[in-house]
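In the two complexes that follow, subunit A is the common piece, with subunit B as its partner first and subunit C second.
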Partner chain A sequence: MTRLPIFSRSTEQALAGWPPPVLDPAGPFASSITVLSWVLFAIGGVILGLVLAALWVALAGPERLRSRLGGTRVIWLAGIALPVVVLTALLIYGLTLTSMLRTPTQPSDIRVRVTGEMWWWRVAYLDQTGRVAMTDANEIHIPVGRTVTVELQSSDVIHSFWVPRLSGKIDMVPGRRNVLRMQADAPGVYAGQCAEYCGGAHALMGFMVVAHRPDDYARLMAGRRRPAPVAGGEAARGAQLFQSNGCGACHRVAGTAANGLAGPDLSHVGSRRTLGAGILPNNRGTMIGWIGDPQSLKPGNRMPAYSMLPGRDLTAIAAYLETLR
Partner chain B sequence: MLLLLLGGCKPPPEGRVALPGADLERGKLVMQQAGCAACHVIPGIAWPKGRLGPDLTGFARQGMIAGRVPNRPDVLTAFIRNAPAVAPGTTMPAMPLNPGEARDAAAYLLSLD
Partner chain C sequence: MRSETGFDPALYDRFPTREERPAGEMKELERIWCAPKGWQLLTVVNNNYIGAFYVGAAFLFFLLAGVLALVMRVQLAWPLNGILPQETYNQFFTMHGTVMMFLFAVPAVEALGVLLLPQMLAARDLPFPRLSAYAFWAYLIGGLAFFASIFVGLAPDGGWFMYPPYTSTSFSPGINADFWLLGIGFIEISAIAGAIEIIVGVLRTRAPGMSLEKMPIFAWAMLVFAAMIIIGFPAVILGTLLLELERALNWPFFDPTRGGDPLLWQHLFWFFGHPEVYIIFLPAAGLVTMMASALAKTAVVGYRLIVLALVSTGFISFGVWAHHMFTTGMPTLTVGFFSAASMAVSVPAGIQVFSWIATLASGRPRMNTPTLFLVGGIVIFVMGGLTGVMVALVPFDYQAHDSYFIVAHLHYVLIGGMVFPLFAAFYNWTPMMSRRPLSEAMGKWVFWLMFAGMHLTFLPMHVTGLMGMPRRVYTYLPDRDWETTNLLSTIGAGILALGICLFLIDLARNFRFSADENAGNVYGGGTLEWLPTGLYSTRSIPVVRSRDPLWHDPALPEDVEQGRYFLPNSATGLRETIITSPIRAEPEYLQIMPGPSPWPVAAALFTAGFFLLLTVQAYWTGVVSGIIAILCLLRWLWDTDRPVREPQVDIGAGIMAPTYVTGPRSHGWWAMMVLLTVIGMIFLMACFSYLYLYGVHPRLWIAPPDAAWLIPILLAYGAGFGLAWLGRRLLRRDKTRLWTPGVLLMAGGGGSILAFAIDFLSWRGHGLSPDASGQGATVYAFLSLQGLLVAILFIMTCYMAARNSRGLINRPADNSYDLVYLFAAYTAAQGLVSALLTRLFPGSLL
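This part shows the complex of A and B:
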């Protein structure tokens, strides 16, 4: 199906899955929205054709048709009856579809809570009772073929959660919990983006949904439950610097003294596809660049620059973070 | 003979390609994909414009790389792939580029004057 890349960032093609194509569904929920979109385009096309035909009749048509066009019968039929019928049908169709996207959690669903923050995504995997089983940020791992119920909230302003290939788009409103269901039919990386203007770095608030085969997914999640391996060499020095420079006041690393909640959870940052919430590839260089001067990359975000640290310390911290997988 | 003469009519190559056969456009793309601009301002890459490392505007006119080694195409290619090996102690880490990509990136940087 047609791919319409609607985002254009200068890093086009620089990140896998970016920009996320719309009208290229990869699961049942996105498919039904794509069908709705094409139905709307088709109806729009037909109505445009009718209006153009009426215009032609009015300007250059035969006398008999022109007088009929000006009659009250045409106004009743085409001006009132037709819009009422078409718009009512579309309203019923659209509302039925969106309510299907938001049906309350089924017992078999996987539950993930995503909280919008300026300008990143707090991710919590929930167990069947709704308790937080694991936390992460800016990346959501799901198994293919399973419906995932995403509970959406915001801790500051209104954001909007949108993974065009997996589901619809819904606002994250402070003080409210919205629900959206999504599903991927094939393994892959699906880019998402905040779709509601939320401040200066709104355009730099992206994320990735990674869909795995069920056994890969089970292995990944089981691996993450084990405590982080103790780092050696340069990474060990990095772990020390991470503590001594106070990184743990804002960031959490599971199994260590770092338990800050103001910034993204870094327990698995080394395995992330991107840094800075979907904006940079994740490698040693971009990690150093982010730690050293995050303000040049995402102006106004809450992390201060650590450019007062010598280069070898930045390198060691980056080496440590790479081990958190 | 005629073909040889016509060969002389070829317009001069656009920009200054210091490394013969290197692809400047690909060099720019691999630098975008590797995220070089997370630390460097690089002309031609609109976003990001990182400030942790030096601005690479006019890089072709620069005498030294990292103030340590001569700014020669072969040295630059090696530096882009594995900076600590060429200039120990530099903050720039080894980057995930293969030799061909590093060569294209070097050619792009050497076209910036």
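This part shows the complex of A and C:
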């Protein structure tokens, strides 16, 4: 039986998640929206207080106050003048901020192209000329303190790219290319999720943005450009099984014969923090489970089950994938 | 004193009359208006019954969609819960939204209009009782069949806004999406029928003397509501039509690989979808205004400002649709415009809120159940409005959009703006139609449970959204810290449901339907619906001299009941009501109304059959069902438009009024004009789609056929209109042969058919295929719309020829003839414009 989580939780656990990501920004784009949010909450709170007070007076207040409230003057003041003033100010603030957030890509930006797929993320790192320099899936690595331009597109239905602590969201619309700018000021892992309903397993379409210190980032990228070390032992058998079972028809592993494009690029799958687009921690057990029965973990996804393989074969394949870092 | 129609307002001073009315008049009225009994009740058309059925059906769908929500809340109570599998959950949230919006909210307010408007306006009934009956039955049958799809796993799963390309055949190959497109497309027809009824009802059947200035606010709200349906619904009707064409015939309206664009759907959908929110809210706001005034026993404070607010909301709401699309990557300037408009629309809302508060403050509000729901609704609505302003700001929307923050926002707006006012209205108006009022003691429990449950459900959702939880997820992972707020929401939903259950018990214990032996004016309201009534509405129709006639003239109920005002009897021995002028409500003529008939319900049944059979791809049976539906419709019309023997009758105090009026003064003409506005809006949306797709993918477009084709098309449409016009002229001349007008009308229809055929064949011969590009798809969409009009016109002219052959065309003018003539004129005009547009633009640019 499932245990009701809330009854077993301490206050501290219950308050986990506060402040929520939208109010806990990790970069300039998100924090400008956070400031706006607090301004909005404050104004909203004051106006709500005003309305509640007026309602209280209208229903149960002293006669003198009630008679002052009971005329068209209050409509002109509180219903027309006040909103017009407040809304005009907010509109100017909002529009200024909008155009700031939407400033076009700068030459100094890091460029990443993310393509929404049902239900995972195709990631391509672009060089300054816009050519694909490296491909990956479901995880985006960025250096801290640099603005990243994310080019968003979709290969099937509409998705939406959202990392609340780094930026707002922008949709990925088939036939169009949208651009979103984000930046992280501190190293860390930032959760992202598809925000636009895209059918089936929309709920299970997460990803990670990992921000590194500049030198770590440079090291990581350089390491990835080197060919993967040749696997030995069990992993070597896994590599063979990977080829013989046709995994390469859908998945690409850089530097090998596997060059399928239908599924996520696995060239660096061993270093990923999660599997199945953000839904499982990445370890040998979950990898075996995923290959053997992906449909029960993420119903409707395109990966066929390899439950016909004996357990030791699955283990070998998982061991091989672990070496792809 | 000025006059609108030549009616002398001094004549109003004859009322109340002094002399005794003859005995037996009352019995006669009761006999004429009595409702059929037993199974015959299915043929009832009177607004008291249809209105009550309608409200009941809408409430049933509210409960059904509520149960879906409750199950979803249980699924989301904790992470990775397994009560609802993924596909079922996706169907549940789609159905919850769709049913709440299309089968509950819009029909519920429309139902209140059908139920309350004739009473508030002191009309005997709405002007087209059979149309109301048809709209109700179509809605009930279609709605139930649509809902049943969830029990067999065929319910749509694309979300209530059904964004393609997910809902295209590539990603949704099953018939689930077709259930939505055809089911909802069909129910929209019933909404439009209701809107026509309400516009004509409000503008033409008000009690004499009830100028626009004295009209109850609810009538104003319903007028704006109906006008917004007329303008807004055509967008979604066209959208569903295009998406269904894409699914069935592979015409690429929304497919970006072949010159379509998924965002076209979003524009069409939200051009309807956002006004939809105000379509739901405005009538409820009208009810709140009236109840605030009645419960505080004081006149509405700021009546004119409220009217201004209602009308301006209607206008502005059509300029805000793209705020649902801020994250789609629209240009900054566009985004700025829609942001500004979205904020502007909160000013009229502010006017209404503070007018309610001022009204409550200027009177003596009693804290009874209706007042509680009223005040609770205001609080909830204000909170939803404030978050609405937040999401109108683009940067904030970048974070909040498609998250649980939006889920919270929209439920605050709709529950505070519509559901709580509706419950207030249930308590407030039950005494008008039930022998007993609802229980005050239980009502307070219902209120507090619902109020507390509502906040506990939706207040934490704001935080859940800020924590990053997107909407429409069937589950979530344990490591995101979303457990606490989700569990609170689920508990809240249970409490809310408990309150609604208690309401049902109250309803079962105390609600006893009765139009004539009702509990009466227990809350002491001042408007006309609180006059003593029967199925004929009021015994006599009062002269209205103020906004709250019952407060101004305490003798009014007695005078009305004793027949001392207009129409104390049935002047012709038939069902009838007074048609008044649109601005000052001066009596113009007596409308003879139809009584019970089995044909509206039969027509509704077979119309529903047509759409549902198409959905399950039983095409031939579907077509047969459609033909039967048309025959039922024609059969019901056949008895109508028959003048009575007396051309003028005494409608009270010796005032004489005609019984048969044709031309622009007649209510039929008005209804046809409204219908043509709807068709015109559908066409306008098609023009928008055409130009939009050209703007997105111009290079796929080819040059149109030779412009010389326009000459025969123009001539044939010209002949189509000209012959119908000539027939109408000849009708006035006594010497014309009897059959000439009918023949001319048919020949005119033939002209339009010919023009359409030339248009169609020239495109076919030109080699443009409908599945080739956005151009092909939209050009053939124009042709399909035109083909539909021409086919309807053909049926109409055959019907008129049949009437002609039976000598049923009246001279010197005939209403049926006028209406077909109007339709013929419109068909020719639309055909011409679409031929010109598709051939001249962007023809010269290519």
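The rule we apply is simple: the second predicted complex is superposed on the first by the 296 of 325 C-alpha atoms of A that agree within 3 Å, B and C clash if a C-alpha of one lies under 4 Å from a C-alpha of the other, contacts with A are read in each partner's own complex, and residues count from 1 in each chain.
As a working rule, a residue touches a chain if its C-beta (ideal position, glycine included) is under 8 Å from a C-beta of that chain, and two chains touch if they have at least 3 such contacts.
Everything numeric here is computed off the predicted structure, so don't read it as measured data.
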| item | value |
| --- | --- |
| Which superposed partner A:Ala54 touches (first subunit B, second subunit C, both, neither) | second |
| Partner chain(s) touched by A:Leu314 [first = subunit B, second = subunit C, both, neither] | first |
| First, second, both or neither for A:Gly200, with subunit B first and subunit C second | second |
| Contacts of A:Leu101 with subunit B and subunit C, given as first, second, both or neither | second |
| First, second, both or neither for A:Asp293, with subunit B first and subunit C second | first |
| Which of subunit B and subunit C A:Arg284 touches, first, second, both or neither | first |
| Superposition-derived comparison: subunit B or subunit C, residues of subunit A touched | C |
| Where subunit A meets both subunit C and subunit B, residue numbers | 9, 14, 279 |
| Subunit A residues within the subunit C interface of the complex | 2, 4-6, 9, 14, 16-17, 20-23, 30, 32-33, 36-37, 40-41, 44, 47-48, 51-52, 54-55, 57-59, 61, 66-67, 69-72, 74-75, 78-80, 82-84, 87, 90-91, 93-95, 97-99, 101-102, 118, 156-158, 160, 162, 164, 167-171, 173-176, 178-179, 191, 193-204, 206, 278-279, 299-300 |
| Footprint of subunit B on subunit A - complex, ascending | 9-11, 13-15, 275, 279-281, 283-286, 288-290, 292-293, 296-297, 307, 311-312, 314-315, 318 |
| List of subunit C residues in touch with subunit A within their complex | 78-79, 81, 85-87, 90, 157-159, 163, 165-166, 170-172, 256-257, 261-263, 298, 301-302, 305, 327-329, 332, 335-336, 339-340, 343-344, 346-347, 350-355, 357-363, 365, 367, 375, 378-379, 382-383, 386-387, 389-390, 392-403, 463, 465-468, 470-477, 480-484, 487 |
| Subunit A-facing residues of subunit B, complex | 29, 32-36, 38-39, 45-53, 89-96 |
